[in-house]
Structure formats: structure tokens, C-alpha cells
Amino acid sequence: MVLELHAPKGPTLHDLWNSTGSGLLTYLLSFVYVGIYWNNHHHLFQVVSQVDGLVLWANLHLLFWLSLYPFTTSWMDDQHLARVPTIAYGVNLIGAAIAYSILILAIRRLPSSSHMDEVFGSDWKGKTSIVLYALGIGLTFVEPWLGVVPYVAVALIWLVPDRRVERWLERRDEVSTG
Amino acid sequence: MVLELHAPKGPTLHDLWNSTGSGLLTYLLSFVYVGIYWNNHHHLFQVVSQVDGLVLWANLHLLFWLSLYPFTTSWMDDQHLARVPTIAYGVNLIGAAIAYSILILAIRRLPSSSHMDEVFGSDWKGKTSIVLYALGIGLTFVEPWLGVVPYVAVALIWLVPDRRVERWLERRDEVSTG
Amino acid sequence: MVLELHAPKGPTLHDLWNSTGSGLLTYLLSFVYVGIYWNNHHHLFQVVSQVDGLVLWANLHLLFWLSLYPFTTSWMDDQHLARVPTIAYGVNLIGAAIAYSILILAIRRLPSSSHMDEVFGSDWKGKTSIVLYALGIGLTFVEPWLGVVPYVAVALIWLVPDRRVERWLERRDEVSTG
Amino acid sequence: MVLELHAPKGPTLHDLWNSTGSGLLTYLLSFVYVGIYWNNHHHLFQVVSQVDGLVLWANLHLLFWLSLYPFTTSWMDDQHLARVPTIAYGVNLIGAAIAYSILILAIRRLPSSSHMDEVFGSDWKGKTSIVLYALGIGLTFVEPWLGVVPYVAVALIWLVPDRRVERWLERRDEVSTG
């Protein structure tokens, strides 16, 4: 990820605040989001033993949305959390969330993933995220910066890594050992 | 890939359109192209068991053309699909297509690839692409933006991943198992 | 790492000095720092046989601080080692050092790392670094550029790679062979 | 590698020439250089079975010089091959060449590389390169752009990949098979 932060024009804390302002915070938010995907992605491909063309495309589709983060982040930031850019950021978040769901679907349809139902489960986090993103977009019409609140909430939900995959790996190791 | 998109100068949808305009579309087009190469490249090196100096150079040659995409994409985009930049983009696409064909030739000449004729077959897609790119360059002389139509058509042809490699892998697995 | 250096505006050595000035030196310093982490990181993951969600997050946390280096480096450099930017650089260094310590703690708590106490030992280098960084920040209040002296000293301490990990690997190999 | 090319300001071939001018050529030259290192690097680490701290540092040292290429390339290019920037580019090339030699020395001193003398041989290419780079720097005092001629000559010498490593690998395979 190449999220850009531009050095302040002057040497004081005031300059730092003026030039980056909310920038450090939105940078942190987008960094955490990319980290969440990187983290879950890493877990996901630990249990996947087969990859085909559709999975590669679904993966690329996810990458496309993630690659837009620097663009929507800096727009939202430059415009001091104005309505349209904050909506654009939310659309970007929803796009990535849907792309991740599609990637999981593409993996689950493979014969070699038939025994992995418990790994993915009901994906309540994925579904909740999309609802919260939509809520965030809606809240921008009340007060633009309010939309960021649900965006942050989703990041917090995901900060707890998905224990399901780890549990499944542990159980598999037990079975193969015991 | 580092395709650059610059944040709009203002907070409205109008600003988004003005600053990126066709930018989001050409970004998407170039992203899909790079994705196609990445995808086929991944498939290709799944069946390659030996690499020598010439293959590495052919690979680097392909990388050179792909590395020019951000440059030609942003020129074509900044100039609102004017003739010369649109031709330059087409030349870039042809260069990458020829480089990919050379890479396949470099791999096929290796002794360890002798049994892989069916994997590569007649490469009709590769040949069709070059013809369509040339057609696109020709069409810019009728109407500059018309050239983009065949460029998009090639992307659509390739979006269906190459089933030949997958079939070959499946057959090999059957042979080694059964 | 993407540390940016901008080409001088004129063709003389004077232009080089004017446009990059201390830039080449701070670039070198940050490059060495990132190299130190990359180096120790490489060593660390050679002895780690298990990774879980917390380790991934600790790793990402370290990456976050490292990703801020280009930002704080260029600010300190643009402002000719003024006080506040030099402090900001020191805070960045401390942040990364603490993140690295947390990463080691996250790894040590795993059952599979129980036999690795000797690898990590007392981590005197890590603790000394944090003290020296704090000293550097303090020295900026005497004379801003003085703060850089301890920063450079820490880099020199770490330039000698950690022999402990290598020794441990050698001993393990001896045990498994002999 | 992130070598930057900026899109021309206008839609004509004239604009392309004005804005990039020698830029496309120096971009190609630097791309080839990085490709040469990448290529030989790949070959080198195919025969290396052991890595220690010193090798990692030597590798990082090489990376440092390679990371300066975009900086010296764009300076030389912006200043239309003026003397000082062309010398700076030559110094960069020499720095990378020496760093590569140090990397080879660091690898050869490892016990596991004792049987690899024939792989590295006399390294006449490495020594010739440094002489030619120095010649290029000298020639800039006759006529600035003349210095680029030996730089290009070195690239051509290296474009033929090092057969020694391939031969050694083939022989090893024969021994272990036959």
C-alpha cells in the first residue's frame, strides 16, 4: 500500500496539524483497513489448497478496490470530511467488502473446500460490515463527518482476528497427529 | 502496479468528474490489463519447471512494457483521449502483447517444455489481440476515442481465463494418480 | 520502502546540495534503520515456526511505524533539522522500537517459542535504543540538530547483526546432526 | 523499482519529445541496469545455500545503490545530460557495481560456498564494468553526453546472462543424477 502523507510546509506542530490535519487519522484508518484484509487474506489462503481462474479474478477484484483507498482517503481528507468524498470513501469500503465476500464464495465452490464450511460459517462480520458502511453513508446526510463513526466501528469489529480459521487449523493438526 | 489517481480539488461530484473524468475508466482498463497478464503469468509459471537466462530476460522485457502503462494511461487520460496519446497507449498494448508471445516462445524452446504443446496451442487469443490493437490504432485516425473500443474488446476476450492450462494440470494430476 | 528524493533543479553540485542538502544523509539514516528492521525481522522469522493472529497484528503495527519514516524523514529534512520535526522523527523511531518489542513478546508467548529464551535473551539493545531515542528528543531542546547524534548512535549499535539468532541456529543444527 | 515518467503536457509527439526527451532512453537504460542486477541476483541466490548477517547487509548495501537510480536518472535527464548529473549517475553505477562485488565476496567466504569457485571465476565482467564507468566519468570532461557511451556499453556486456552459473547447475544435476 502506498498511502501518501505530505511533509508539512513549516517546522511547528501547528504546521503539522494544518498540513495533515485529519490526515494522520484517516491514514491510520485506511492502514488498519488494509491490515485487516491482509490479515484475513493471509488466514484464508492458509486453508485453501486449490486455486483456479475464478479465484484469481476474485482476488484481483478485491485488489482493485483496495488500490482505490489512497485515492478516496486523500480526497476525503483534503476536503475535510465533506459529504461527497466521505460517501465516496464509504462506497470504496463497501466495494472491498463485497469483493471479499465474492472471493470467499469463489473459494467455497471449489471441491477441495467442501470440508471447510465451519471455517467460513455464517460470515456475520462481513454482512454486518456492509450494513454499517451503508449506515455511515446515510449518516453523512445528517452531518458529513458522522459517516466516519460507523466506518471506525467496522474497523474495531474486525480488529479481533477471525478465530474460526485458527480453531480449524488446530483441530486439523490434532486429527492428523492423534 | 502504481497507477496514479489524483484526488479532486473540490468536494463535489462535479469536481470528481472534472479531475478524474475518463481517469477512473482508463484506470480500470489498465488495471484489468495488468490483471490479465498477472493472471496468465501465474498460470504459465505453474506449468514451467525450468527457467534459464533467456526466459528471465523475456520476462523482464514484458515487465518493461507493463511498467509503461501508468505513463501512457495518464497521458491518454490527461489529453482526453486525443489521437497521439491514444496511439501511444495502443503501441504500449502491442508491445506488451508481443513481449508475452516472446516469453512463451522462450519457455517452449526449453527441453522440459516439449510435452506442453497442448498448453499453449495456437495462441489465437494472442494473435487476435495484436490485430485488434492495430485496428484500434487505425481507428484513431477516423475518430480518436474510437481506438479505445478495440482496446476494451481485447480486455473482454481475455477476461475469460485460459482453460487450457487448467485442463492440462487436471489431466497431469489424473495421470500421476490413476 | 519508498523514501523520496527529488532531483535538483539545476546541473551543479551546488544545486545538488541546495535541493537535497542533509537529504542524502537522512535518506541514508532512514535506509539503514529500515534495513536493520528488515535484517532482524528476517532473522526472527527464521526461528519462528508458528504464527497467530496476534503476531500478525504486532507485525502490522511495526509496519505502520516503518511506513511513517518517509513522512517524518522528509519533514525533518525540509525543515533543516528544526526542533519539532526532529522530535517527530525521534517519536517515530521510538514507536518502531516499541512495536518491535511487542512483536517479540507476541512471538515468545506462543507455546512453540518456549525453548527460544536464549534467542531473545534480555534484549538489552532494544531497551538501550529506546533510552537513546528519548535522550535524542531531550537534546533537541539544547540544540535541535544535537538530537540526531543519539539517533545515529543507535543505528551503529544495531549495524552489528544479532549473533544470538545465528548461534542458536548453529547449535540446533549441531544437535539434530550430531 | 519506481522510475518516474511524467505524462507530457500536450497531445502531440512534439510534447512527448519535449517533456520526456532523453527521458524514455535513460528510463530504458536504468530499467536494463536494474534488470541486469535482478537477473544475476536471481542466478546468484539459486546456488547459495546459506545466508548470514554479513550477506544480508551486503545485499542491503546493493539495494541502497539501486534505490538511488530513479534519483540520479531523473537529475541527469532533467538537466539534459549536463556534466555533474552525468557524473553523479556514473558514481551511482560504480557504487552498485562495487556493492555487487562485495556481495559476492560475502557469499564466497561462507564455508558452504567453498566448492563454488568456478561459478564466480575471475569476475572479469565486474572489473571491466568499473573501469568503463570510470572511463565514462572521465569522458564527461571532454563532452558531457559522451560519458553515457561507456554506460551503455556496460549494459550491453551484461545483457548476455552469466552462463557460468547455468553450466554449474547443469553439471551439479548431472553429478547427482548419473
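Just so it is clear, A, B, C and D label the chains in written order, and each chain counts residues from 1 on its own.
One rule holds in what follows: a residue touches a chain if its C-beta (ideal position, glycine included) is under 8 Å from a C-beta of that chain, and two chains touch if they have at least 3 such contacts.
Quick caveat, the model's predicted, so the values are computed rather than measured.
Looking at the partners of chain C and chain D together, they share no chain. When the CA atoms of chain A are superposed on those of chain B, the rotation angle is 90 degrees to the nearest 5. Ranked by distance of CA centroids from chain C, the top chain is B.
Homomeric contact chain A/chain C: same residue numbering on both sides for under half of the interface positions. Note on chain placement: the centre of chain B and the centre of chain D lie 27 Å apart, centres being C-alpha means. Centroids built from CA atoms put chain C at 39 Å from chain B. Chain A has residues 2 in contact with two or more other chains. Taken as a graph of touching chains, this assembly forms a single closed ring in which every chain touches exactly two others.
Pairs of chains meeting the touch criterion are A-B, A-C, B-D, C-D.
On chain D, the positions that touch chain B within their shared complex are 1-3, 5, 7-8, 10-13, 16, 28, 31, 35, 38-39, 42-43, 159, 161-163, 166. Within the complex formed with chain B, the residues of chain A that make contact are 2, 52-54, 56-57, 60, 63-64, 67-68, 70-71, 74-75, 78-79, 82-85, 88.
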